[in-house]
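Presented sequentially are two complexes of subunit A, the first with subunit B as partner and the second with subunit C.
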Partner chain A sequence: MTQTPADAAARTGDHAAGGNEHEGHSHEGPRRARVVHVVWLVAAVAVLIGIVVVREWTAQNLDAGIPDALQDLLTLSTSVLVESLPFIVLGIALSILVQVWIPEHWLLRILPRNPWGRRAVISLFGMFLPVCECGNVPLARGLVRRGFTVPESMVFLIAAPILNPITIITTHQAFGFDDGILVARLLGGFAIANILGWLFSKHPEPMSLLSGRFAEQCRLDDGHGHSRSRREASLDLFVRESSILMPALVIGALAAGAIQVVVPRDVLVALGSDPLFSVLVMMLLAFIISVCANVDAFFILPFASTFLPGSIVAFLVFGPIVDIKMLALMRTTYSTRTLVQLTTIVALLSLTLGLVVNYLA
Partner chain B sequence: MSPTSSEPSGLPATSRVAAASARLRLQRDRRRFDRAFWVLVAVLGAASAVFLALGALQGPKLSSAIVDPQRVTEQPGQQLRLFANQPLSEVAPEQVTVTPEVEVTTSVQDDVLIVQFAQPLRAGTEYTVEVAGVGALSRDATSTFRHGFTTAEASVLYLDRGETVDEVLRAPVSGTGRGEVVLAAEGIQHIAPVEGVIVVARDAPGGTSVLEAVAADGGVQRITLPEGVRVDQLIAPPLGGLVGMVLSTPGAVPGDPTTGYSRALAVVDLVADSPVSIVESLDGSPIETLFAQFLPDGATLIAHQVGGTLLRVELAPAPLVLPVGQIPTAFGLSTDATRLTGSDAFGGVVVDLETGRESRLDPSPVDGAFAFGGPALLTRGELRVQKVAVPDPVTGAVATLLVADDGSGAARVLFRTVDDRGSLGDLVLSANDQYVAVEVTPSVAEAEPDGRPVNGRPTSVTTVIVDISTGAVVRTLEGFAPHF
Partner chain C sequence: MPESTARAGLWRAVQRWRGVAIIGTMAAVTLWLAYSGQLVLYIHPRYILFTVIMAGIAVVLSLLAVAGRRDHDDEHGAPPPRRERMLALTAAGIAGVFTLGMVVLPPATLSTATAQQREVNATASDDAAALASATTADAATVATFTVREWSAILRQTSDLAFYADRPATDLLGFVVPDDDDPENLFYVSRFSVTCCAVDAQPLGVPVYLPGWQQQYPADTWVVISGSFTSNPSRQSTEPIVLVPDTLEVVEQPREPYLF
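On to the complex of A and B.
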């Protein structure tokens, strides 16, 4: 049986284990923690607004002597922020809905007991929760807190950006059924999610897959959820999740913008004119540009005549799961070792899928 | 204090064993996970390597192909676009084999190989295009692209006049029956198919005409003509929404504008929904027109003016009239619209519209017998289709024949009426030079006029469609005014 955070907490015999006894059983600790969360949230929002304002100012003062590279960095980072922010907020809202307002047994009752069937059903959750990958991070965190196993949360996190109606529609509009790109994307996303779910379900200590901070929060949640009203819990969750994810988003957006400035896109495109390397190049491009799964098909459409179909598929499968912004966001939830393993498997599966499509299409 | 002394008897050893066992189990499970991870990595790495190698040995592949099976039979320069799975290197026309053989040019745009057909293809024909040695930009491996397609069947629109109601029908060139009625109305004088609608001139009181555009769904739009005019000719464009026409006021005296229009050239833009306008010559008077036909752009007319002047009339943006030659009688434009056939006192003439140069059009003997040349239409090549009169050296009777003549010295008979009792009327070539449609009166002696005041025909008039290459009559339809 796979271990859930609740199981892990129960196994410790004390929800406040690990030096958090004070936080777990007094009111002073949570209050202080909330203040810290608010500070982080305000700081992240301030930086976010600062980036947008400075970008706007530089756009209107082109002769102000701002280096082109800095302007590009601001523009690219702003585009990632603007594109991702609504989904982050939506994802947090859905996460609160799942954690606070939907009874736990509703979610768990619809899932098959068989682990493969259970993971297969979870990988289709995105059909009903059409949020892009940034928004799925808080949602996946919510599922873990709601009793899902860590591998199951990964299955959702990986499959949902690809197997959701908006992504399917936009990919179909961009490519139709040409070269099997749409079908390969959907099947690939499903397969990668379930293979990773299977792999991590083999892990003997699922809680060790989580980041220390998030694992700790899971343990704390189990001790406090019953004592608050739903409104208080919702507000608390919103502040906490925002304070964790917003800084990650800002850092991820800045990193994605910076790398795009350092590695110009046309260099990648030039490298990708060799069909054999095009799959790798497209995965690298997806990693760097960090565009949302809901719109990435339109982004890559102009490249469709230059790159092999398999490389387009690799872009569309790899990007929604692993990119700079997502790594920053996922780091709030999973340990570094887990992310390295996840990235390795996703990269190899995307590469294989791309090469298979190239061979068959 | 020793650890054992503080515990109840028996527990320390058990818990130590249990803890050690749990530790061992955990270590074993960790090793299993690590093994599963590395095995998965190895399997995926191997699979990637295999497909990488297979891909390297593989040439470009044909993903899909697009060709318009209708337009490719109607217009030159139509393209077959072959979509590859990767950017392609250049392809020379010599690498392309088309069956049946046609002339092509090639070009490459990223992953699209474009095969352009120099001339329209034959209708209802299965073509196979094979491109050998197609290479990618950065690989040595090549492959062969092969694509087959069947061109659309040709069809003909024609007018069949009845006792009370006239019908416009569309019939496929191959087949039986009358075809499908697309329009029925009283007193149809002329028809012209234009971009999804059929323009119809119909009888109106006083020997005049009304002009209507009839949509595919049956909707009728009245087109306003100048007051009290008759439509003598409707000129259908090959593309676009401009319709040409020749208008006359019943009773008007030629050369006297005060009595009304006399074969005045006019035009209407159906797309712009503008009224019919009279095209004026350089001196501002209407152009008295014997015959007019559109060039392929659908915006320029070649008009044959009363008096023999050939005019080039550019209709857009504002009408511009330029003389291009002089010829007493005009028959029609060649299929590629570069030449015009006609005749003068010495026989047939071909006028090159680009240079204005004239050349003689002498008919070849038919079965060794001398032939007198009549109206002729030129195909894109050297071949022409011509009505000729061949006298019988014994009886002296003259037979009217339709012949195909490539100028090699012997014409080939395409059609003649039974016992040579009939006559041949207007000729129309299909856009791909595959078919000729000719109006036929089967028996001149028994012919009865249909009694129509405008554009009358014998009641027995039929349209015969002949395959020019084989000389086979592929369809006979009761009616006239064929449009491919």
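On to the complex of A and C.
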């Protein structure tokens, strides 16, 4: 059985303990403990004000004089970051909600027993947890720690960014029902997630699909029952998730920015009208660009006139699952070997889907 | 040994606090960008409210996390092997430097480097519609046309009669040299953004002005009024170009992209 510290806390009804007993290690009184919290809070606020002051001052007085290409790399990477940051925050917040505040049996009770039914329901979780793919990584981690199997966490990770109210609305705003793009995206995402979940469920040792570090964390969770309030558990989770995800996000964004400065866009666009190459090129573009599923329909809209519909569908299905930024983020949770297999399977399935749409539409 | 204890202590501190430092700093910078009206350099205005709310939440959570409990479960385990530690520290270092860059480097728009790399007018979605509405538009409406409308119309028709009574008025954009005839031709360009700066598409109207480079280096923002005629340049493939009557250098506008 998996048991998180939060459950133990919830069971002992430890809500108001606050700052009292956790200072037990240092043998200091509660008043002293409260002073320490206040001092740290004041220091943190001071640092924050310092950051804003420096930002304001440098914006007015510093002329960086960086070469154009490098400056554009920074602008593009910053753009990827600023665009994903709110979704990461939302993802962490929802992950905290799922792991700390929602009783475990709520999630497990609504699931059917049969594995196909279970995965099908899990692939619809995104309808209630409207986060894009980068926000889904902390959520998927939360599910594994809550006792879901590793293949089930993948089904969620893949399906949720596509079968998601925000994504459906933005895709509909961008394309309406033209060329079956919206329908193909939704059905394709659902099918790919479930096929992949089924394939990985055949794995004899699912825990070995995880990265060593994350698997170790999950084991640590099992043993620790020492009591904390939910507030503390939430903040601790925020600290841990951000510490794992943020460096990965920055490096993914930098790589995505760098490749865009280097690869000429017209090389890609020239291949847009071939039924096979257009699909491959769009998947490559999705891989490089790394924008969130919630907004990628607007991204691809200007290409819709030059590219065949199947290639647009391939972009909209492949991009949310696999791209540079996502690989960096998923590496925090799954092993490299797993990610190579996942990328290969998803790429082949997206390619098939794109070709089918191209020949039908 | 005191040295290795200190190193393990540093490792744990970085390991634990790098995320809060990065997310808190980035969220603070995001809020500042929104306050100073520069968030539009990176994302479409429709996402500003959502971004600001989530950044606010991130700032509050970061402050509470720093103020909160100071001893942690994960501090009792032994640190991982050296190679893994170095890798994690390098990643944290790169992320830290980038975050610092977001604090000290002035925010910037995309430049001509990206405009040329993405090729001006390489993609567009609504050409035919733009031409149709331009055909029926009155003079006052034509005078409000931006680089977006003109570049779409230019792709649709090279009929000189169409342009005869439709001059460009106060066309705002930055200077991008033409690849084929950089001596005589440049594009007055804007980036069109549908989601964020990542998908910025350069749109441009070709301007014929021999020797323009002496006065207007690439990336200069200009406002041009003039009329369209057939292209006198032999090297360039553009059929129609804008010949300026007036050309004025201006400051970069607060919203440099077209949304």
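Everything that follows uses one rule, which is that the second predicted complex is superposed on the first by the 292 of 361 C-alpha atoms of A that agree within 3 Å, B and C clash if a C-alpha of one lies under 4 Å from a C-alpha of the other, contacts with A are read in each partner's own complex, and residues count from 1 in each chain.
Operating definition for what follows: contacts are C-beta pairs under 8 Å (C-beta built on N, C-alpha and C of every residue); 3 or more make two chains touch, one makes a residue touch a chain.
In this text the structure is predicted, and so the values were computed from the model without any measurement.
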First (subunit B), second (subunit C), both or neither touched by A:238: second
Touched partner set for A:66, first subunit B, second subunit C, both or neither: second
Which of subunit B and subunit C A:358 touches, first, second, both or neither: first
Which superposed partner A:280 touches (first subunit B, second subunit C, both, neither): neither
Comparing the two partners subunit B and subunit C, which touches a greater set of residues in subunit A: C
Partner chain(s) touched by A:43 [first = subunit B, second = subunit C, both, neither]: second
Shared subunit A contacts, counted only where both subunit B and subunit C touch the same residue: 305-306
Of all residues in subunit B, those that touch subunit A in their complex: 25-26, 29-30, 32-33, 36-37, 40-41, 44-45, 47-48, 51-52, 54-56, 58, 61, 63-64, 85-87, 109-112, 136-139
In the complex with subunit C, residue positions of subunit A that touch it: 5, 19, 22, 25-26, 36-38, 40-41, 43-45, 48, 51-52, 54-56, 58-59, 62-64, 66, 68-69, 71-72, 74-83, 85-90, 93, 213, 220, 224, 226, 228, 232, 235-236, 238-248, 250-251, 254, 256, 260-261, 264-266, 269, 289-291, 295-296, 298-299, 301-306
Touch list for subunit A against partner subunit B, complex: 178-179, 195, 199, 202-205, 273-276, 305-309, 341, 344-345, 348-349, 351-352, 355-356, 358-359, 361
Subunit C to subunit A touching residues, read off their complex: 15-20, 22-33, 36, 39, 41-44, 47, 50-51, 53-55, 57-59, 61-74, 77, 80, 88, 91-92, 94-95, 98-99, 101-114, 117-119, 122-125, 127, 192, 194-199, 201, 219
